[in-house]
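The chains carry the letters A, B, C and D, assigned in the order they are written, with residues numbered from 1 in each.
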Amino acid sequence: MIDKIAPSVEAALADVSDGSTILVGGFGGAGVPEELIDALIAQGARDLTIVNNNAGNGEVGVAALLKAGRVRKIVCSYPRTADSYVFDALYRAGKIELDLVPQGTLSERMRAAGAGIGAFYTPTGYGTDLGKGKETRMIDGKGHVLEYPIRGDVALVKAERGDRWGNLVYRKSARNFGPTMASAAKCTIAQVYETVELGALDPEHVVTPGIFVTRVVKVPRKKQAAQVREQAA
Amino acid sequence: MSYVKLTRDQIAARIARDIPEGAYVNLGIGMPTLVGNHLPKDREIILHSENGILGMGPAPAPGLEDLDLINAGKEPVTLLTGGAYFHHTDSFAMMRGGHLDIAVLGAFQVSVSGDLANWHTGGDAIPAVGGAMDLAVGAKSVWVMMEQLTKGGESKIVERCTYPLTGIAVVKRIYTDLAVIDVTPGGLVASRLVPGLACEELQRLSGVPLSPSAARAAA
Amino acid sequence: MIDKIAPSVEAALADVSDGSTILVGGFGGAGVPEELIDALIAQGARDLTIVNNNAGNGEVGVAALLKAGRVRKIVCSYPRTADSYVFDALYRAGKIELDLVPQGTLSERMRAAGAGIGAFYTPTGYGTDLGKGKETRMIDGKGHVLEYPIRGDVALVKAERGDRWGNLVYRKSARNFGPTMASAAKCTIAQVYETVELGALDPEHVVTPGIFVTRVVKVPRKKQAAQVREQAA
Amino acid sequence: MSYVKLTRDQIAARIARDIPEGAYVNLGIGMPTLVGNHLPKDREIILHSENGILGMGPAPAPGLEDLDLINAGKEPVTLLTGGAYFHHTDSFAMMRGGHLDIAVLGAFQVSVSGDLANWHTGGDAIPAVGGAMDLAVGAKSVWVMMEQLTKGGESKIVERCTYPLTGIAVVKRIYTDLAVIDVTPGGLVASRLVPGLACEELQRLSGVPLSPSAARAAA
C-alpha cells in the first residue's frame, strides 16, 4: 500500500542534507508552510539555498532560518518588505547571497524544472539590469532573455487537504507557488490541515496529483487559526 | 493662470472611468490600488491579482479578513461572484501571455519612448522587483499612474530614464496629477490638462516635448 | 454586464476568416467540439490550418472539414488511425500539408503561445527525424531542440459547463487539450452542455478561467448522448 | 536443446511482476497495454495515461463505457480511487519532467546503446508519433516489450537502428519472448532466458554481443 503520510514534521524532514536547495511556498502570509520551516530550523541543515518569493518577515519562518545562519543564498523576487530586517542586515553585512528574479520568471523557471524544459526565452527582464549577462534573442521583433530551470532538492509546500497518495488541494490564494514547487523538487513535502481517505478528493478537483508529492504531514489547524487571529489583530 | 493638481483619488477616478466594461485589469501595488475604489458600479471589470486570483473584489468588512485571500500587496481582499483561483505559474502566464487588457502601474520615471522605471531607485537600496517586469512586458496596455513631478520638483517624464528600467517601450499612457499623456509613435500627446494649465506650461514643467491632443477640446 | 454566451454555434463562428489557424480540441472521441466543427464547415472558411492531435476519423468532424477541401495544412501528432482515410488520400495526393509534431511538444508549443514564452528547449525529438533542421543545444549533457509557439486565430474547445464570464470546467479525460488551446488563440470558442449562473462554478474548481474564453455556446446533450450510445454500440 | 518462446501475456506478466509498489507507470499503446492485466493485486501501482489521467484502472464492464474516460489507445477505461484528471500540457510535463518511474513501450528496433525506434517504419507509411518521443526521453526507466525477432526472423536488437529513431540511448531494459536484456554501460546483459535457451544461442539469434547476467542463476 502506498502511504505518503509522514507521522510528524520531524520525520518528514529527517533526511534534508546540508547544501540543499529548498523551495519554500507562500506569498505574503498565504500558503506559507510554517510548521515545516520551523522543523527545518530544528533539523539543523546548513548552507542552504532558499527559493521563496520573499526573504522573510519579522523573525519567524524564513527570517528565523536566516537568523539561525543556515542560509547561504536566497533566490526571490521581493526581498524588501517593511519588516525584512533580518535579511537586510545579513545582506548588507555580505553574509548572504541574493539572486533577484522577476516573480513570473521565478515561477516559470521552477515550472521548467518540473516539466523537463531545458531552458526558455522570456520577454520579462529584457533590456533591464536583471537581464544583464544573460543570453538574449529577438523573436518576432521582441527582445527575450534565456532562462534556465530552478530545481529543488526539497520543496516545502502548504496545502489544505491531502491523501495517502499525495494528492493535494489548496485554499484560495494560498495555492500560489505550491503546485509549481511541488513539481520542481526531488523530494516534495506538503503540510496539510486534513489528511483524508483516498477517494475523498474529487479527481476533477485535485490540484497537485500525488506523483509530485513525496510526503504529506498533518499539522494542527488550531494553532494556525490562533496565529491568524493574532496576525489579524 | 493658476491651476489645482488632482488628488490621488481624482487621478484614480479618472483612470477608473477609462476602463471599459469587460476589461481584465491588474492594479499594481501602491498608488494604482486606489483605482479599485473608483470602478464604476454599472460596469463589470475583472481584476487580476498576480498571486492567483481573477475577479478580485474589495477589502472585506473588518473581522471578515481571510489570510488565505490576499492581493499582491498582501492585504486582505474578497472574491467576486464568478471569480477563480489558480496557481502562480498560471497567473504569470496570463500576464506574460498578453491576456490582461490593462495594467495600471506606479512609476519613478517614464521616458518619452515609453520606457518604464518603477522597481528600483538604484544605489544602496535593496532591490525588489516582484511582478513588475512581467506586467510591464505582458499587459496589452500599460498605464502609468504617478505625479507629474517628484517632491523635489523634477519631471518624472524624462528623455531617458536614469533609474534602472523595468521594461523598454512598454508604457502606452500616463495619468498624472496634471494631465493624461499618451505615448505615441509621434511622441507624447497631452490631453485632459487640469483647468488653467496650458500645454506649454506642462511642457516646460516636464522638460520633454509634448503636443496637445487634437481631441483635447472634447476631453 | 459581461455576457460571453453566444446564441448559437453559427453566431459564435460567424467571423472566422479564410486562412485562419484553428486549434481544435479533443483526443480520441473525448473533448471533440463536434458541433463547432460542423458549424465551421457550414460557415465556409477556407485555406485553414488545423491544429489537432489527429487528422480526422471517418467522414465526420475534422475529417469532414478535410473532405470539404477547406484545410491547407494540418499540425498534429498522430494522423494515422484505422479510419483516417480522408486525410490519407489527400496527403498521398499532395493536397494537404502535414506538420508532424510530438504530442507533448504540440501541447507545450501552444502553452508557450498562451504563456508568452518566445521559444523553449525540449529534449523531445532530439536526434530524430522530427528534430531535423531545428536549432539544438546541449543542456546539462542532454540534447535539446528549440521549439517555437503555435498560436491560434481561433480555438474550438469542448467543455462540460460554462458561465457568462467564460469560466469552464471539463469532464474526465475530455479535458485534454482544451485548457491549453483556450489560452493560445486570439478568439476561443467553447461549446458546453450546460451554461450556468455566475457563481455556480466553485472558484477553486474552475479549470479554464474566463480570461481565456471569448464565447461560450450551449449545445444539446441529448444529441451527444445519442451519439455516445451509437459509437459505443 | 529446445525452448519455448514466451507468449505476449507471459512477457506482460513478467514485466508486471518487476514493477514495484508505488511506481508511476505509463504503458504504451499496443503490446504494453497487456501489462495492465497482470499487475499484482497486492501492490498499488499508479498508471498514467498521456491524455490526462493518473490512477487509470482497467476496462469498464460492458455497457458502462464512458467516452469521456479513455486511454491513450482511445479505449474506454476506468479511474481508480485516488486517481486524478489534468490537462494535456500538465500530463506531458509529468512525462518530460522525469516524474514517471517506468514507461513500457513497444519497439521496432532497439540498438545496443539503447536507441529506440518505435514510431515509424519509414518509406511510404504516413508517419505518426503521438507521445512516443516524450515518453522515451522523459521516463526514469524505459522498458521495451517486444519479440526478440521479426516475423521474418531478423533481430530487433541491432547494432544501429535502421528505422527512424524515437530517442537516443533511452532504453534501460528489453523484455522479449526469449529473455530480459539490460542495456548497461558495459553492453547488453541477458538474464531470465527461457528454459533450454543458452546465452550463446540468444547471441547468435540477436547478432549483437550479449553477456550473461552474473545474477542469472538467481533468475
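Quick note on the criterion: contacts are C-beta pairs under 8 Å (C-beta built on N, C-alpha and C of every residue); 3 or more make two chains touch, one makes a residue touch a chain.
Since the model is a prediction, treat every value here as computed from it, not as a measurement.
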Set of chains whose contacts include both subunit B and subunit A: C
Gap in Å, rounded to a whole number, between the CA centres of subunit C and subunit A: 34
Chain centre separation in whole Å, for subunit D relative to subunit B (CA means): 55
Whole-Å gap separating subunit A and subunit D, where each centre is the average of the chain's CA atoms: 35
Residues of subunit A touching at least two other chains: 108, 111, 115-117, 122-123, 170-172, 203-204
Residue list for subunit B, restricted to those that touch at least two other chains: 79, 85-86, 92-93, 95-96, 137-138
Every chain pair in contact, whichever chains are involved: A-B, A-C, A-D, B-C, C-D
Of subunit D, residues touching subunit C in the complex: 49-53, 65-70, 74, 76, 79, 85-89, 91-93, 95-96, 120, 125-134, 137-138, 164-168
Residues of subunit C that touch subunit A when the two form their complex: 108, 112, 115-123, 137, 139-140, 142, 144, 148, 169-172, 203-205
In the complex with subunit A, residue positions of subunit D that touch it: 21-22, 24, 44, 46, 48, 54-55, 79, 81-86, 92-100, 137-138
In the complex, subunit A residues that touch subunit B: 27-31, 77-80, 84, 87-88, 91, 98, 100-105, 107-108, 110-111, 122-130, 143, 170-180, 207, 228, 231-232
Of subunit C, residues touching subunit B in the complex: 1-2, 111, 113-117, 163-165, 167, 183, 198-199, 201, 203-204, 206, 209-212
